[in-house]
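Across the two complexes that follow, chain A remains constant while its partner is chain B and subsequently chain C.
And then the complex of A and B:
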């Protein structure tokens, strides 16, 4: 039993890091433009498919990761310009409704383009190591480390990069940033592109762990929503902790109930958070 | 304001209802059933309009109310030895209102996107429960049952034909429309609209905003449950797909397409959506959602009032 708990801890941390990568894109987009992106999970799915196709063609996982991230970043930028830019200044609820429409279209587009069969990407890091009673693939740890590296890169970019400082300035005060000469509409588009690229990257990292199907988007959206709300909307550090927290809880819960029921645990955490601490669990109490 | 409801409205109402009652007689079987289905989804759309259009709370969880109405009626029809229409309706409504109490209690403390997300999550919780509790709900396979006959206790009993079922559904939907219209035009409905326009000010005037919201969710859930029971009676099966959030999303689409805050608009939106789906899926089979979704996005951007939005003032008079 004790060993099972430890194995589930490792599982929870690995899933949590991939989820954190999805959620940090979502929270970045929300924090900067008040857009609740219902299609975020579908960007994960499209990224997974793009990666799978590239890997199948070239046999190179890293190329697949790169191509998926770039392609979905361009796609995200186009999406932002065509659907979300006209909605700036309207109720944030309108953006949920519009991106819900986007999600429907993307899901069926993926079905049309990639077919109903699940796609797989072989694990790029071979080998396994012994974790108590089972052979644990190195790739799972590798995926967690890579997700962490991408999030770390984002953090450094936001903290020190010139454009990162533009992004943070826009988050703090859109009008003031614009007055200081920052091209706010471009920052919005850029942030959406970065968020989309991160979604795509997590799709590719996730693909060898399970497989890519065109319906996986909704589940990712829902889980990323939970994480972002529990971590505090728009708060990057909080989202990462929340992703780990929720994934660990789900991993432990699946020791007792079936994995499809374990999802309820994260819903319950989400609702309790919304009721008792709507600013988020892992943020300092606002003054 | 309701006392000034003009004769113009009643003439229009009677003409539309009469037309909807007569038209199916001349339609082939398929389109007759289709029209009945439009009315059922239209009722669901109208029920959500109380929240989305009138109170300004976008619910992404109406599939929970609809689904519980559906499964409630299914349970009643399966358990009873001789299926009774009115008992099925009552059980369906009871189940839906139980869920509505639960959702209302928690979700109304939240606003805007947080309300939307929490309703979404609640509906997913019920979906997971229904999907995994195979012994009771049949899980993925759903439940199949027989259609109850139409009865007036002690007087009359007859099996539904497609036409009489249509009339029954039409009567329920028309009465629900009148009830919903009366509610939205009552002082209570006015408070809901003032919550939509300016919640802090409504609170400052002295209204207990949370109580109004709770009642709004309850009413909305009740009528959504009613449409679920009607669906059960028409289709004789219940499946977890109807509790899945895509149904909730479609309800939001009905509202946006038809025009939020008009009651008639969402019904027209439902009709438009279902007709477009029927038409488009003949050319694009399951990919009909691509052109339909693009149409929907364009409407959100360029036509946020929806099809009947320009009539909002007149429809609410």
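And then the complex of A and C:
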């Protein structure tokens, strides 16, 4: 039993880090634009497909990761300029409907472009190690480490990067930021591109663990959205803690119930958070 | 340098500015006086591009800047210090300053010089470099707001009620800062409730009432004959 708990802890942390990568992009975009991007999971999916196609062509996983992140960053920037920029300042409902529409379009596009069959990416780090009673693939740990590295890179960029300050200032006070000469529309587009690249990277990292299908986006959106709410909307650190917290709870729950039922845990946490602490679990109590 | 010609501004359906015309020449300190709610802050926001005038023209050094986005107006050399200071509360003091410094085309030497100048004018900001903006006192936040504007090396600063809610000691510091900016050749359009400070700092004043400029005179004349001030300000 003790061993099972330890194995599930490792599983929970691995899933949590990939989920944290998806959620960081979502919360970054929400924090700066007040836009809940319901197409975020579909960017994960498109990233997965782009990565799968690149890896199939070149045989190089890292190239696939890079190509997917760059391609989806450009795509995200175009999406923001054409769909979301005209809606800034409008009722949040309009952006929810717009991104939901984008989500449907992207799913159908993926079906048309990549077909209905699931794609796989072979694990780029071969081999397994012994974890108690299991042969545990090294790649699972590698994926978690890489997700953590990307999030760490984002944090360093926001904190020390030349233009990171533009993002943090705009997140806090869009109007004052623009009065300080910060090109706010460009910052919005840039942040959407960064969030999209992070979604795409998650898709590629996740692909060797499961497979890429054109309908996988909705589940990612929903899970990332729960994480972002539980962590406190727009709060990067909170989202990462919430992703780990929810994934660990799910991993432990799957010791007792089946893994597909364990997903219920995240929604229970979401509902309890909204009922008792709607500003999020991992933020200081608002004054 | 800065000219407003018959500027009208609306907030939703209410008509706030009913045709404001005024001018600030290079290096000049100009006061904008009037009771609360006559549209002084809205005038500054209309210049800065934070509200879009519905009619009229704002020009700066020959450029028509009416309705330009605020960041482009800032790039032309207009800086804004808002009434409520609007410090980035979750950024440290140095990061607040960096919002104006981290821009393309600024050399490292120039950056250093700008920061040194600010720390010399406002030693307290140097001492609290890594403290979060939200933890500063009201007076320190006001200094940070002015220092942040100076990072843009502006030709003119729109200064909205810099002494509001400050202790007398802070008020005299603000007066010194205005004088120092003036010596450095920065023009200032000053909105202020403190009539004495405004008349002392400025060369000319405009007096506003109900969204219109009602009176315009050299500050020395207004000081010599306070009846006009009494009439419009009720003091």
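The definition used in the following text is that the second predicted complex is superposed on the first by the 287 of 287 C-alpha atoms of A that agree within 3 Å, B and C clash if a C-alpha of one lies under 4 Å from a C-alpha of the other, contacts with A are read in each partner's own complex, and residues count from 1 in each chain.
In the analysis below, a contact is a pair of C-beta atoms (placed from the backbone, for glycine too) under 8 Å apart; a residue touches a chain by one contact, two chains touch by 3 or more.
None of the values given here were measured: they were computed from a predicted structure.
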(request) Considering only the touch criterion stated at the top, classify A:111 as touching first (chain B), second (chain C), both, or neither. (result) first
(request) Mind working out whether A:56 is in touch with chain B, chain C, both or neither, as first, second, both or neither? (result) neither
(message) According to the stated criteria, A:94 is in contact with first (chain B), second (chain C), both, or neither; which is it?
(response) first
(request) See if chain A has more residues touched by chain B or by chain C, and give me that chain. (result) B
(request) Please work out whether A:181 is in contact with chain B alone, chain C alone, both, or neither, and reply first, second, both or neither. (result) second
(request) Give one of first, second, both or neither to describe whether A:173 is in contact with chain B, with chain C, with both, or with none. (result) second
(request) Find the residues of chain A that appear in the contact set with chain B and again in the contact set with chain C. (result) none
(message) Using the touch definition from the top, list the residues of chain C that touch chain A in their complex.
(response) 48-50, 69-71, 74-75, 79-80, 82, 86, 88-91, 95, 98-100, 102-103, 148, 152
(request) Quick one: which bits of chain B touch chain A in the complex? Just the residue numbers, please. (result) 58, 60, 106, 109-110, 112-114, 116-118, 120-122, 124-125, 128-129, 131-132, 245, 249, 252-253, 256, 286-287, 289-290, 292-294, 296-297, 300-301, 304
(message) Give the list of chain A residues in touch with chain C in this complex.
(response) 162-163, 165-166, 168-169, 172-173, 175-185
(request) Give every residue of chain A touching chain B within the complex, in rising order. (result) 36, 83, 86-87, 90-94, 96-98, 100-102, 104-105, 107-109, 111-112, 218, 222, 225-226, 229, 258, 260-261, 263-264, 267, 270-271, 274-275, 278
